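Here come two complexes built around chain A, the first alongside chain B, the second alongside chain C.
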Partner chain A sequence: MADPGKTVVLIGGRAHREFEVLHDLGYRILYLDKRVPLHLMAWVDVPVDVDTDDWDQVAEVVRDQLDGQAPAAVLTHVEPRIPLMAHLAEQLLPVGRGLTTSAARNCRDKWHTRTVLEAAGLPVPRFGLAEATREAARIARDIGFPVVVKPRDGAGAFGVRRCETVEETRIAAGHVLDEASPDALPGVLVEEYLDGPEYAVQTITRGGKTRVLSVFRQHMTEPPVFVELGYDFPSGLAEDELRVLELLVTSVLDELGVDDWVSHTQVRLCADGFRVVEVNARRPGGRLVEMTGAVSGVDMVDAVSRLALGLPVEEGEPRATLARYRSIVFEEAGTLLYQAPPAGAFPSIVEVEVPSGDQVQPVDHPDGGVYGRILVFADSVEEVDRSERRAREALDLRVAPSDDLTWVAAETREFKSCC
Partner chain B sequence: MAAAAQSVSAQLIQLSPAVRDSHALLASARQDFFKVAFDGDALDPKTKGAVALTAALVQGNEETVRSFLAIAKQLGLNNEEIGQVAGIVEALKPETQQRPAPQAAAAAAAPVKKASTCC
Partner chain C sequence: MTITDVVGGRRVEVVRGVADLDREAWNALVRAAGGSVFHSWEWLAAFEEAPPGVFEPAHQLAYDGDRLVGVCPAYLVHHCPRLERIAETAGIDFGGPVLLAHSLAAFAGGPLALPEHPDARDALISGLADTAAALDAWAWGAVNLPAGRLVGRLIGAGYATARLNTTYLLDTRHATVEDYWSTFRSKHRRELQRERRVLTRSGVRITESAPDADTHVRLVHGVVADHGASLDVLPEDFLRALHRHLAPHDRSLTAVDLSGDAIAVFAAYDFGSERSLWLAGLDVDRLDSFGPYRPMVAAAVESAITAGVPLVNLGRGNPAPKRRVGAVAAPLYLALATADRARTALLHAALRRLERDGADHDDVGDGCC
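Presenting the complex of A and B:
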């Protein structure tokens, strides 16, 4: 491969922006994934199918493609691939840069995160690690109900469940243990349920100094499952609360060893103060990158790419003082009908992830959840309300109940009589 | 390269041991032939990548195209070169040869038939 020194090894990822940023910076992309999708081939310079669970094989592929020379950087935005990224960067780059392997592990392994932070006296929920359902039940009894059961290394809210009883804990723990992939970290976390509003905190840390880019008030469904319903900026926290939160997150990232990198941290504000729920050493998912960019002037995808490359981070001006993110969810099952708005119709982000005519499920259904999002930016509450209202009116989202119909796919076109 | 899924006939062959064994020999011979064809050095690597991609596009199987598109890029083809390869494949497709330019222009000028309103 030509010019290894101008090549970034990018592991996984499907968002076009993640590729575009690297090309805009003048770098070529050596892209690795278990199966590189066809549509993505045009976005990369050299795509290679490789088992990303086999770190030795990945390293061998990179050395082979780059003729043994060092790449410019190793990067991933995909949560499960962060430890591999840190490992490869340490193996292949002549100078240490970005997230270290120990920081990657500290953030990826939630049990380890809690252990490290608890030892440092930083506020986390009471927790325990179980290898079997009986042990999970014991830990839950020791902590006191309600508890939350979650995978040790899950991303988002997958597998996360609030449990009120021993039986619910056993069932939830059983699901996590039985459905764990072969490369998942062993065990299941059982921890105290934190009652209080949740906040998403996005940061950038350079040379040991952390800057909070955005704090969003997070809205979730009622337990037992946790579906993200939306985010608000400003968060509604008072100035002194924001300062306390900033100090806490700075201490947390310092303790976990996160430096020259970005993070997306989730905390809850309980009666006794903030407690850390999760620390992710990556940019946030969904469209929170755009939301952070609008209110802080920093594009986190661009920022982390530059950090990985050892380049200075660019900081622009915020373009809004308010932002509202609302997930598109439904209360009932049925056929979704809506009007697709023309591209560029709104100065905001409006996305529906399924075509009109598809079946949808309620938000709390195992196959339901989020079907899209509306994200609006403005400088006044009235403008935000107006923008969201216009977007919803234009979409005209409706769910036609399908109680009286049994949906069956036709096996032939025999009964279609036209032309 | 990802292994392609077996065809239905290749799966049904397993029902007859003699046919299955002979097919296994054929599969092995095809792999050897593939290696000889690909490893030959009459063509430089990039040209080989372009030719293999062309064959995959003509064949039309999406997984085969995916695999050889990756190989083409690994051998140095860029997007523009791949686009030209695909353009040549498309230009030489039989349907295109049956519609020379003057007839295509006449068809374009004819009144548009309204879509059926049935169903």
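Presenting the complex of A and C:
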């Protein structure tokens, strides 16, 4: 492959922006995935199908493609591939840059995250790691109900469930243990349920200094399942609360070893203060990158690409003082009917991930969740309200009951339940 | 070799053999810090006398002024069958000796510090890193660390970690044996009584005594061989050395038949606030299964309660009968670090693989205890 020094190894990902940024910066893309989708062929320079669970094989493929020379960077925006990305970067790059293997694991493995933060005296839910349903039940009894059961290294809210009883805990833990992928870390996490409003905090850390780019108030469905319904900016937190939150997230990232990278951290405000729920060493999903870009002036996809390459990060001016993000969800099953808005019809983002005529399920159904989103930016509440109303009127979303139809899951949805 | 001012003014001294350790001072610290027999001077002496491999002692001692406030037994491991099996499972080739605190044969490892000097643990960990550099170790770290703050600190400091196996702990703080059994359902108690009657009718009784060294070795090797494991993880000389050095702490249980011959053993040791049931042995020529196992577990628990021992470590493997007497799983971790960036990446990948593919090795089943 021509000029390895101008080649970025990109692992997985489907969003056009991730490819566009690298090409705009003047780099070629060596793209690796288990099976490279046909529509990505036009966006990459060299597509390679490789078993991304076999790290040694992936390293060999890269060496072969680059004639043993170092690439300019190794990058992924896909949560499960972050440890592989860090591993390859440390194996292939001549100097350390971006996320270390240790920091990648500390964020990816939720047990690591909690263990490190607890040892550092930072606030996390009480937790335990179980390798069997019986052990999960014991941990739940020790913690006290309700508890939350979740995969140790799952992405988003998949498999996450609030449990009120020993029996519910056993069932939820059994699901996680039985349905774990072969590459999953062993065990199921059982932790204290935290009651209180949730916040999503987006950051960029450079040279050990963290800048909080955005703090969004996060809206979720009622338990037992956790589906993200929307986000608001500003978050509604008072100035002093924001300062405490920023200090906390900065300390959290420092303890986990996250440097020269971006993050998306979820925090709950409980009666005794903030407590850390998740730390993701990546940009957020959904359209929170665009929302963060609008209110901070920093494009997190561009920023993390530059950090991986060792380039200076560009910071622009915020474009809006208010932003509202609402997930498109449904209360009941049926056939979805809507009017597709013409491209560029709205100044903000309106997207539905299934075509009109597809079947949909309720928000709390295992095959339901989020079907799209409306994201509006403005400088006044009235303007935000108006923009959202216009978008909804134009979409004219309707669900026709269809109890007699056999459910067929759509394969077009990128983000089923969360960011 | 002495390293000074490692952390916060703590002096950390490295001692290259138990002969240079003050036995009483060492054991007093281990007891005060909540350690078990696996950190005791006697265990280390036996290990040094007949090591199950090639090990160079490099024990760390932390001082506050002249006062010993922390200890961390450690060895520069040149050859260890257990470590080599771990490396094989993890798919990594250690390119040289590894400084390990301290033994994969034990149920506990890593630094111990007086409760009022918790920072001595940090000094000892830093001391390990310095010693590893001085001894040109490929990597350094600790094995069989219990879950908790220290593991969190090591993970946060960039150590690669993996859950290596699980030991089973039982809280034996009960006024009487009857109080303990009253916490169980009557069906469970009746089952155990039935098993005990069957054992008694067959002429087997359980005694609170250790067999002689020859019998001890024969019974333990019987189980190891019966599991298809190599005897190199528990070589005869090592077992004999432990039998002799740990005699003052021995609380073994032996099952004997009508003729008084030992047919099964639980090698157990009291140290500090823990009774550790380290090894099981069985006359596999006479018994084709470990029939006395559950009654012996129950007897061990009752013996500890009667003796006022607050905690019994029932050891690794065989979880079902241990859970039946109320023991809870206590994960044990391996944490390793190197000073080299590429080696660090290899270690992280290897220990992730180990945790995913090779966790919870049985105690003697595959020799990884």
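Just so we're on the same page, the second predicted complex is superposed on the first by the 402 of 419 C-alpha atoms of A that agree within 3 Å, B and C clash if a C-alpha of one lies under 4 Å from a C-alpha of the other, contacts with A are read in each partner's own complex, and residues count from 1 in each chain.
Heads up, the rule we're going with is that a contact is a pair of C-beta atoms (placed from the backbone, for glycine too) under 8 Å apart; a residue touches a chain by one contact, two chains touch by 3 or more.
Owing to the predicted nature of the structure, the values given are computational and were not obtained by experimental measurement.
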item	value
Contacts of A:Glu246 with chain B and chain C, given as first, second, both or neither	neither
Which superposed partner A:Val46 touches (first chain B, second chain C, both, neither)	first
Contacts of A:Asp364 with chain B and chain C, given as first, second, both or neither	neither
Touching partner for A:Glu332 - first (chain B), second (chain C), both, neither	neither
Chain B versus chain C as contact partner of A:Arg134, first or second or both or neither	second
Of chain B and chain C, the chain that contacts the larger number of chain A residues	C
Partner chain(s) touched by A:Glu164 [first = chain B, second = chain C, both, neither]	neither
First (chain B), second (chain C), both or neither touched by A:Glu255	second
First, second, both or neither for A:Trp55, with chain B first and chain C second	second
Interface residues, chain C side, partner chain A - complex	91, 147-153, 155-156, 158-161, 163, 166, 323, 328-329, 331, 341-342, 344-346, 348-349, 352, 355-356, 359-360
Touching residues (chain side chain A, partner chain B) in the complex	1-2, 35-38, 41-42, 44-49, 65, 416-419
Residues on chain A engaged by chain C in the complex (per definition of touch)	55-56, 83, 86-87, 90-91, 96, 100-102, 105-106, 112, 115-120, 129, 131, 134-135, 138, 183-187, 255-257
List of chain B residues in touch with chain A within their complex	1-2, 62, 65-66, 69-70, 73-74, 76, 78-79, 82, 116, 118-119
